[in-house]
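Quick heads-up: structures coming right below.
In the two assemblies presented below, subunit A is common to both, partnered first by subunit B and then by subunit C.
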Partner chain A sequence: MDFQSLRSELLTKTKQQLHDAVTIDVSISQALSAYDDLQVQLNHLSKRLRDWTGYFVPELERRISTNAHFVQEISRGLAHEDSAMGGTPAQPTQQIIERFAKQINELYSFQEELLMYLEKTLQEFAPNLQVLLGTTITARVISAAGSLEHLSRLPSSTLQLLGAEKALFRHLRTGARSPKHGFIINHPLVSQASSKMRGKIARALADKMSICAKLDYFKGEFLAKKYLQDLEKRFG
Partner chain B sequence: MDFQSLRSELLTKTKQQLHDAVTIDVSISQALSAYDDLQVQLNHLSKRLRDWTGYFVPELERRISTNAHFVQEISRGLAHEDSAMGGTPAQPTQQIIERFAKQINELYSFQEELLMYLEKTLQEFAPNLQVLLGTTITARVISAAGSLEHLSRLPSSTLQLLGAEKALFRHLRTGARSPKHGFIINHPLVSQASSKMRGKIARALADKMSICAKLDYFKGEFLAKKYLQDLEKRFG
Partner chain C sequence: MQPITRYPGLFKDGHGKRTKYFVQTAKRQSFFDERIVSHQQGLFREVDPERSKLFAAIAKGVSQLGLKEDSSILYLGASHGYTVSFLSDMVTKGQIFALDFAPRVMRDMVFIAEQKENIAPVYANASHPETYANIPLVDVVFMDVAQRNQVEIFKKNCDAFLKSGGFGLLALKARSMDMTKKPKDLFKQVRKELERNFIVVDYRELDPFEKDHAFYVVKKR
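Presenting the complex of A and B:
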C-alpha cells in the first residue's frame, strides 16, 4: 500500500469517526440550551412590551399577569382594548407594537416546539429516563453528564447531586450542609415532599435513575413505568 | 357646580393630561431599547445556532462570518449543503434546526422593521436631527435626554457629552482626561476623523445639534442639510 492510498484511507476513517461522534447527545444539549436561552429572552422581551404598552393600555398591563397571555392579547390588536386610561398611539406605533407582540408570540411557540422535539427525541433515545424523570430533567442530566453513555457510568450518588455542583463544592470547602439533590429537585416526587423526606426520596429516585440510564444506553427493557409506580406507592 | 360634576370634570382633565403625556418620545425610547435588546439576543441566538450546526456543517460555519448571513443560509435548508466533514442529523433534528434558523431570521427582519419605524418617526418628529445625526444617534440622544423637549433645552456642551456620562464622572472624580464625545462618536464625521481633530469636530457638531433640536421642538425650518454640508466642507 503506497503512502497516498494509506493517507486517503486514514482520512476517510477519521471523517467516519467524526461523523459517528455527532450523536444525538449533542442535539439534546443544544436544544436544551436554546430552550433555556429563549426562556430568559422571552421574559426580557415580554417585559419590554409591557413597559411600552403600559403607556397606552395600563389596565391591561395590570390585569394580565402571565407574560405569554399578555403578549398573545396584544398581538391580537392594541386597539380592540377600549382603554379608559392611557393614550392612543399613532398608527405606525400601533403597528410596530403589534408586530413586536406577534414576534414574541412566535418565539413562545418555537420554544414549545423545542420542548416537543426534546420529548420525542428522548422517548426514542432514553425512554426509561424520559418516563422516570420527565423531558426537561432528563435533558438536563444528559446535558450535564455530556452524553447518555457517560451518564450511564455515573454512580447513583453522583446522579443525585448532578446540577448541585456549586452547593457540593461549598460543602467540601466550608463544611456547609451537603446538598441533597440537584436537577431532580424539580421532580414532582421530590419537590412535593416535606423537606424532611426529600433526601430520602432523592436517593431512592437516583437509584432508579442509575438503572434507567443503563437500560437506555444498552437498549434494555422498558421498566421505568413500574419503577415510577413503586416510588409513588412508597413516597407519594 | 356640585361636588359630583366637579369630581368628574377633574377626572376627565387628569385623563386628558395622562393622554397627552403619552408622547412619541416614549415610543422612540422603547423602540430603541427593543432594537438594542434584539441586537444582544440575536448575537446570542446566532452563536447558539452556529454551535449546533457546527457539528453537521463545520465548513459552512467557518466560511460565513456574518451571523445574519449564516442564519439565512441555514434557514434555507441544512441538507442542501453538501458537507464533506461533519455528520448528517436525523430528520427531526434537521427540521428543528431549520425552524430555529427561520425564527432567528424573522427576528433579524423585525429588528430592521424597528429601525425603519424609528427612521420614519424621526423624519416627521425631528427632521433636522434625523438628517444631521442619522436615525440611531438621534434616537439615542432623545432617549438619553428623556424627550425632545428636554433635549432642546440642553446646552451644546452637554449634548456633546451625552452618552459619555461614565467617562465624565471619572474625569470629575479622578482627574482623568475629560471625554470629548458621547453618542456622536459614531457619527461618520467624528469617527472618521483623526483623533487630534475629533474634539474640535464633536464641538462643532454639538453646536449644530443644539440648533437642530430647537428647530425640531419648535417646528422651525429645515436647515439640517445645509448645516451638514457646511460641516462636511469644513472637516470632511
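Presenting the complex of A and C:
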C-alpha cells in the first residue's frame, strides 16, 4: 500500500479509536478535578471576602469560622449596624460585597452539585466501590488508576498504596518508613483506627476493594454492603 | 544561518551557549508558538533543544543519526508532536509514523498529522507491536516513552520494524526506569544491554538540556 492511502486509513482509524476511548471514566476524573480546583478557589475567594468584610463586621467575621457558612451569611445581607468597631460601608460598597458573597455561595452550591453528579454516576457505574469507599475515595482511585478497567486489574497491595506514590518513592530512594495507605486513609474505618491497627485495616479494606473493583468492572453482583458490615464487625 | 550538513534541513545560528537551532520549512506555519524567521535561503522554524531530546542530542554534538531527507521513521512516544513536527520538515521526502497511547496527546498529534502530509498517526501501545503490524519496515526507529521497560520495548520494535542497517535512536530517562540506581550506572548497564543486539554508534548525556537523560544511537546488524 502506498503511504498516502495508509496515512488516510490511519487517520480515520485513530479518530475512531479516540472517539471510542471517551468513556464515563473520563468524566469521573474531570469532575473530581473540577471539584478539587473549586476547593482551592473557594478557599481563596472566601479568604478575600473575610478580609474585606472584616472591616465592616469584625465580630461576625470572628464568630463564624467555617467559610461556607460565613459566605452564606454575608450573601443574605451585610448587617453592619450592630458592629461597634466596624466601619460603615457606602451603599455601593455594601452592594458589591453582597454580590461577591452571592457569587461565592453559588460556587459552593455548584461544588455540591459536582459531588452529587459523581455520586449518581458512581452508583450506577461502580456501585460496589461507591458503597465500600464512599463517593470521593472511589472517584480518586478510579482517577488515579486511569479507568475502572485498569483499577480492576491492580493487585490489592497496589490499591492499598494508591495515592501514596510520593511517600513510596521516598521510601525506595531514602529508606524512609514505607507508607501503609494512600487515599483510603480518609476512609472512616482507617482514619478512626488507632495508628497500630491502621496498616492491618488498610490491608483488609484493600482486599475488599480489589474484589469490588472486579465486580463493578464485570457488572457482577452487589456485595459491598455485606463486605462493609464484615469489616465494621471486625474492626469497628 | 548555517546548514548543519550532517542532518537534512537543519541550520544553526550563533555560537556556544547562545547557538539557536532551526529547521527549514516550506510554509510560514508555527505549531507550538515557535518563532519563524525568514531569510534569503527561505523560512525557518526555531526548535528548542530543551523541549526535544532529539534536538538536545544534536546540540550535544551527536555524530550521526541516520536521518536523510527520504527517511521513513517509526516514532514511539510522539506525545503532542513537538519533535515530530520538526522531523517532518527535515524528512521532506520521507514519512513518519507517529505513535502514542495517551488519548490526550494523540488528539494534538492528529491535528498536526492532518496538516503535514508525511505524518501518519498511530494510536497504540508500543509494548504491543503486533497491534500495528500494518506499518512497513522503516529506516529509523526513534523512541522516547519514559517507561520502566524502555529498553525491552525498543528492542521489540527494532526487531519488528527496523530494516537491517537501519538506525535506532533511543532517548532514555533514568528516573522512570529505576529511582534507586545512579543514572550513570544505569546508562552503562543499558549500553551493555544494547551492545548485545546492536552496534552502538554514539551515546550522549543530555544535560543541561534534560536532566538524567541519555541518548543512544544504534545500528541494526
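Convention: the second predicted complex is superposed on the first by the 218 of 236 C-alpha atoms of A that agree within 3 Å, B and C clash if a C-alpha of one lies under 4 Å from a C-alpha of the other, contacts with A are read in each partner's own complex, and residues count from 1 in each chain.
As a convention for this text, contacts are C-beta pairs under 8 Å (C-beta built on N, C-alpha and C of every residue); 3 or more make two chains touch, one makes a residue touch a chain.
Quantities reported herein were computed from a predicted structural model and do not represent experimental measurements.
A.B. asks: Check whether A:Phe110 is in contact with subunit B, with subunit C, with both or with neither, and answer first, second, both or neither.
C.D. replies: It touches subunit B, and subunit C stays clear.
A.B. asks: Subunit B or subunit C: which reaches more residues on subunit A?
C.D. replies: B
A.B. asks: Looking at A:Ala68, would you say it contacts subunit B, subunit C, both, or neither? Reply first, second, both or neither.
C.D. replies: Neither subunit B nor subunit C is touched by A:Ala68.
A.B. asks: Who does A:Ile185 touch here: subunit B (first), subunit C (second), both, or neither?
C.D. replies: After superposition on chain A, A:Ile185 lies in contact with neither partner.
A.B. asks: Let me test your reading of the model: by the given contact rule, A:Phe169 touches which partner, first (subunit B), second (subunit C), both or neither?
C.D. replies: Touch status of A:Phe169: second partner only.
A.B. asks: Name the contact category of A:Phe3: first (subunit B only), second (subunit C only), both, or neither.
C.D. replies: After superposition on chain A, A:Phe3 lies in contact with subunit C alone.
A.B. asks: Of the two partner chains, subunit B (first) and subunit C (second), which one does A:Lys15 touch, if any: first, second, both, or neither?
C.D. replies: After superposing on A, A:Lys15 lies in contact with both subunit B and subunit C.
A.B. asks: Of the residues on subunit A, which ones does subunit B touch that subunit C also touches?
C.D. replies: Common interface on subunit A, subunit B vs subunit C: 15, 18, 21-22.
A.B. asks: How about subunit B: which of its residues touch subunit A in the complex?
C.D. replies: For this pair, the touching residues of subunit B are 15, 18-22, 24, 26-27, 30-31, 33-34, 37, 41, 44-45, 48, 51-52, 55-56, 84-90, 92-93, 95-96, 99-100, 103, 106-107, 110, 113-114, 117, 120-121.
A.B. asks: Taking the complex as given, what residues does subunit C use to touch subunit A?
C.D. replies: Going by the criterion above, the answer is residues 95, 97, 103, 106-107, 110, 113-114, 117-123, 134-136, 179-180.
A.B. asks: What residues of subunit A sit close enough to touch subunit C in their complex?
C.D. replies: 3-4, 6-7, 10-11, 13-15, 17-18, 21-22, 169, 172-173
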